[in-house]
Amino acid sequence: MKRVLKGNSAVAEGVRLARAQVICAYPITPQTSIIEDLAVMVSSGALPAKFIKVESEHSAMAGCISAASTGARTFTATSSQGLALMHELIHWAAGARLPVILANVNRSLAPGWSIWTDQNDTLSQRDTGWMQVYCQSSQEVIDSVIQAYKVSERLLLPTMVILDAFFLSHTHEIVDVPDQEIVDRFLPPINIPFRLDPAKPAALGNLLYPDLYMEFRRKMDLAHEDALNVWEDVGREWAGLTGRSYGLVETYRCDDAEMVFFTAATAASTARVAVDELRERGVPVGLVRLRVFRPFPAALLQNLLSGRRKVVVLDRNCSYGHHGIFHQELKSALYDLPQDKRPHVSGVIAGLGGRDITVDDIKEMMTLAWDGKLGASSWWHVLPVGEEEPAAAK
Amino acid sequence: MVRTLAELQPVSLSTQSITAIRTGTWKYVEPLYLDKLPPCSHLCPAGNDISKFLSLTAQGDIESAARLIRSGNPLPATLGRVCPHPCESQCNRVQMGGAIAIHMMERFLGDESLGEKFVPSPAASAGKRVAVIGAGPAGLAAAYNLALQGHAVQVFDDKAAPGGYLRTGIPDYRLPREVLDREIDLIRAMGVAFKSNFRVGRDAAFAELRQQFDAIVLAIGFHRNRALDVPGENNPGVYNGVQLLERILSGGRPDGIRRPAIVGGGNTAMDAARSLLRTGATPIVVYRRTRAEMPAIPAEVDEAVAEGIPFHFLTAPVRVVIEDGRVTGLSCIRMTLGDPDSSGRRRPLPVAGSEHVVPCDSVVTAIGETTDLDDFPEELREGWRIAGDERLATSLPGVFGAGDAIDGGGTVTAAVGCGRRVADVVNAFLVGHDLPVRAPRVTDLWRRGLDRDHVSYFDQLNTAYLRPELRPEIVELPPAGRTGSFAEVVQSFTSPAALAEARRCFVCGTCNECHNCYYFCPDVAIHKRRGELGFDIDSDHCKGCGVCVEECPRDAMVLVEVGR
Amino acid sequence: MCCRWAKKNLPRPSRGVDLADNLVAYDARNLQIPDRELMRSGHLACPGCGAAIGMRQALKALGPDTIVVIPACCWAVINGPYPYHSLEVPVIQVAFETAAISAAGIRAALEIQGRNDVTVMAWAGDGGTFDIGFQSLSGAVERNDDIIYVCYDNEAYMNTGIQRSSATPYGAWTTTTPTDSPKAEPKKNIVEILVEHRIQYAATACISHPEDFIRKLQTAKSIRGAKFIHLWISCLPGHKVEERFSIKLARLAVETGVFPLYEVHSGTRYTINHEPTFVDVAEYLKLQGRFRHLQEADIDRIRHNIEWEWQRLRLKVEMGRRLPLPPVGAIAGVQPGRFES
């Protein structure tokens, strides 16, 4: 059924269709309307779940962890400071191999207070063992939430479904809300292989000596390796049911592109327009949108980018002291290519704290890159434009 | 154990019991269940396992309690009545409500077990025959315990019925005859043969007996009265206390005793005075020291006082006053107490010029008794006693001694204890074992394991688990109503009273399965035995913290160093 | 025994259930302690550990249909290394500050699965309760989540090696309050704080009084909603006490009046469950190395504190008697006319 939904409502609808059983959440702008919607659904009976209105995000994740350990399908949502507060338990959920689903609305971290989007909150959770899916539209949000449950429960890994503050969370779009019957066919009831049950008295999370800690962490890493295939399999299955397909990455006009613009989330929509405009001017540029950041589809990107002249990475985030994070990650993945196939990779850091990234901004980035004016380090796209000259490309 | 990653579960789910880890290796000390002697049994000459029989009674198992007490002591109903109960003097309950009325409990259990079903079954016979000479408490205890070991026992006694001093010297109001008779019947029911009116030397020579029996136990007691050694003592109005008592107790009522003066402070003196009171006489007691030095059972003195018998303390006879061949008084001298003598009591010293006459129409001498060994071989005599060693053996092979005649123990209870001990020695002799270096202590005869060298006094108890509770009142016939008859003065406990009193016992030094050790063990290393009493300590997991030992309310555990 | 209260014209002590007072010949079999054993030998607790004794008693009370939540605390180690497990009930180890919400999460999952026969017990130390876990506990109690929260309190961060917590008593040495500046502040009164959350049931308990503790857990189990039990336990290395005195020390904590045994129903109705004999607190303090530096004047101050705290407590008993039943909405989970007694 087609409905006009903002990104946050798409999350809530996805959670409802996935029949989440325990929701623990705490309000934070701009995520709040997700849990408001869920509160109404639970209260009305539209979603037969338990909703623990916890006193902090930390408890929100802790509640999900223990409920998931008891065999329930769980959900929480947060943003920014809330995600940062959860950090300890973000590690915990993954280490405990619990298929918790978290929707994070990307929001900048204080200080100063900012409620607007950037990706540093989720990218700070890069090394926790969670899978991360960056969405571009409300349709992708609802589909990704439902897919995430299936992938997570198969792999015993938690997933963050990520959407930009306001640009996606509060922007209304037409969304095809799948029928419950289709979702039920796609997503069976949760059945994890271990759970707290007095009939089988076992202990979760006891002391782990050095002789085995690594082995369990290696199992987790192996699950991430499997996850690349599982996301694609599950994506195909979903496409078979709904006709909507998302890969690990999305490409646009890449076939003959000599230069590829690489970014994630809603900035990709803007970049698509910029690609079209630069193509009209004869620049052979294409777009790769990274959807699944963890696990990182390195081999796929190597194949995709091998032999291209240039890659420009737009990061709405920064690893202070060393590039934007997508920039780093991509460079590292492409280093394995033979030298003659290895594109020149430059990066731009833009849109932090919710600053708009316009078509013109992206065109400027592409042009500078095409003209060899962007170096190997990430270039900060700050105002006034041009005040800070990009370092000359080598 | 997991060998490959593929075998490993995704999550470190712990499913194996931690019992696989032997935390017992951490310890350097470990607890042991080790019962110790309670002060009561430490002081019980008869060797009663008091804490155990009280604990069984407290659990409502009166039958087991009675069987336990009768397992070596054939006379609990008797001893419960006549014993001066030294056991109660150091009872740890003294500080928290008064000593347990142990003698009343012994009496209760004795009375509860006078039926045939309480006759224990003897061990298989080894074909040996034993003569026990003397059917008093020592002889009866020896006979009982030897019969238990499977030996054929013949008891000889020169009186008309067995019982010795119990029958001839202890009045009915303290020990009803039917109680004594029933207990002797139980001994008889075990196969012990009694021959009364039999006197060695008169009816058979000692040497004959030695030929007929494999062993002989001499338990002839003290039956010869000590002389006063004052002028006038040979007058017919001066009576031998032991003989007079015997006459009264066998129903005789001597004429002419209206105002007797009883000389002495022991049990014979008390029994004689109180018995004469019951025959209608008005006795007085003359004793050369004070109340505090009287060797009689204090309760007996109390009762004599309650019955109105006057006492002349610090008064010693010097001459029987005789007029017209009849006793008219006892000339006495006042005494004062000097330094302690060998008995530890202060020596009485005469006060010059204090002579006075105590008016009386007869004198009863009760200043002590000795053994009558006239008809026995010389080598058996050593002054007043049988010449025996620490094994209770004499220099004649197969001849042993027991009771007052060998140890001068002085109480019926000590005599019973001695009878138990000699039986053990005689048994060793009969079955061909080497005789022990010394006769066992009575507590050595207990079949349960315990540390007999340690007594659990009050400061070894964990008083956190003990609550004060008053000793019950012991009911007696009112003095006014009792002096007219020989009816028993002290009344028995009812069953509920006995149960309540047993529950008051701390069960010092003796595990009563209270479970404190079990419940407080932090390591679940103490396990109840299946289908039987007691606990086992799982040494593989006990870390040796000692909480069980510390929390044992009754000092029934110890911590010992781990032997490694 | 009570005359010093009477003299000061204070309310008389209330009578609760007392443990051994009715027992003449002490026999632990007379205590109402369930036989079923749900803790195993071989766990990694120190010899004599009060936390091990406490867990053993707790599981006897709650039975096998129990899920135990253990945050960072001694029990996180005691339960053993993978693949071993010390209990015959399921355990989940959770982050330090999350005991209460973790228990609540389990409850939510059980409810949605339609399982109403399982007790969920959070089992946290004093640090995980008074300090780092307090927010989560406060949240769960306010929400009246259906859990039993037991704080086993050994009065410092013992697992990390004896650092002060807000449960450390006045005057105590810890590695972060060395003897030349021992803890100068009083212990936080966690039960009163939770009572002011309008919790349905809060109680104190001590491992030296297992019957009382077990009864309180069973009372807690019978109430739907949040329940809190503050369990005093001994820590031999932390209190610097000989191992064998584990229970003796706990008993002295009660009998000196340092740790009153009481319970509070519906946020208002106080019952003192055991009238201490008020053994001089010096006997308790001198058993412990952590108080060895105290001077007579310090001990006297502690004596006065105990007296004052008991006055407060008795006044609360009195207050509870005088107050009318709480109106609907005043206490979590209390319906009109329904008052736990």
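We call the chains A, B and C, going by the order they appear; numbering starts again at 1 in every chain.
The criterion applied here is as follows: contacts are C-beta pairs under 8 Å (C-beta built on N, C-alpha and C of every residue); 3 or more make two chains touch, one makes a residue touch a chain.
What you see is a predicted model, and the numbers here were worked out from it, not measured in a lab.
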Original post:
What chain sits nearest the middle when you go by CA atom centres?
Top reply: C
Original post:
A-B or B-C: which has the larger count of contacting C-beta pairs?
Top reply: B-C
**OP:** List the centre-to-centre spacing of chain A and chain C in whole Å, with centres computed as mean CA coordinates.
**Re:** 45
Subject >> Interchain centroid distance [CA atoms averaged], chain A/chain B, Å >> reply: 92
**OP:** Averaged over CA atoms, how far is the centre of chain B from the centre of chain C? Could you give it in whole Å?
**Re:** 52
**OP:** Pull out every residue in chain C that's touching 2 or more other chains.
**Re:** 79-80, 82, 84-86
Original post:
On chain A, where are the residues touching two or more other chains?
Top reply: 200, 202-206, 208, 212
Original post:
Which chain B residues sit where two or more other chains touch them?
Top reply: 12-15
**OP:** Mind listing the chain B positions that touch chain A in their complex?
**Re:** 2, 5, 8-15
Subject >> In the complex with chain A, residue positions of chain C that touch it >> reply: 64-67, 69, 76-77, 79-82, 84-95, 97-98, 101-106, 108-113, 118, 135-136, 138-139, 142-143, 145
**OP:** Could you please specify the touching residues of chain A with respect to chain C in the complex?
**Re:** 21-22, 24, 48-50, 52-56, 58-59, 62-72, 88-89, 92, 196-198, 200-209, 212
Subject >> Touching residues (chain side chain B, partner chain C) in the complex >> reply: 12-23, 26-27, 58, 464-467, 469, 500, 502-507, 512-516, 518-525, 538, 540-541, 543-547, 549-551, 553, 559
**OP:** Spell out the residues on chain C that touch chain B in their complex, using ranges where they run on.
**Re:** 20-21, 23-29, 31, 33, 37, 39-50, 52-53, 56-57, 79-80, 82-86, 210, 236, 242-248, 251, 255
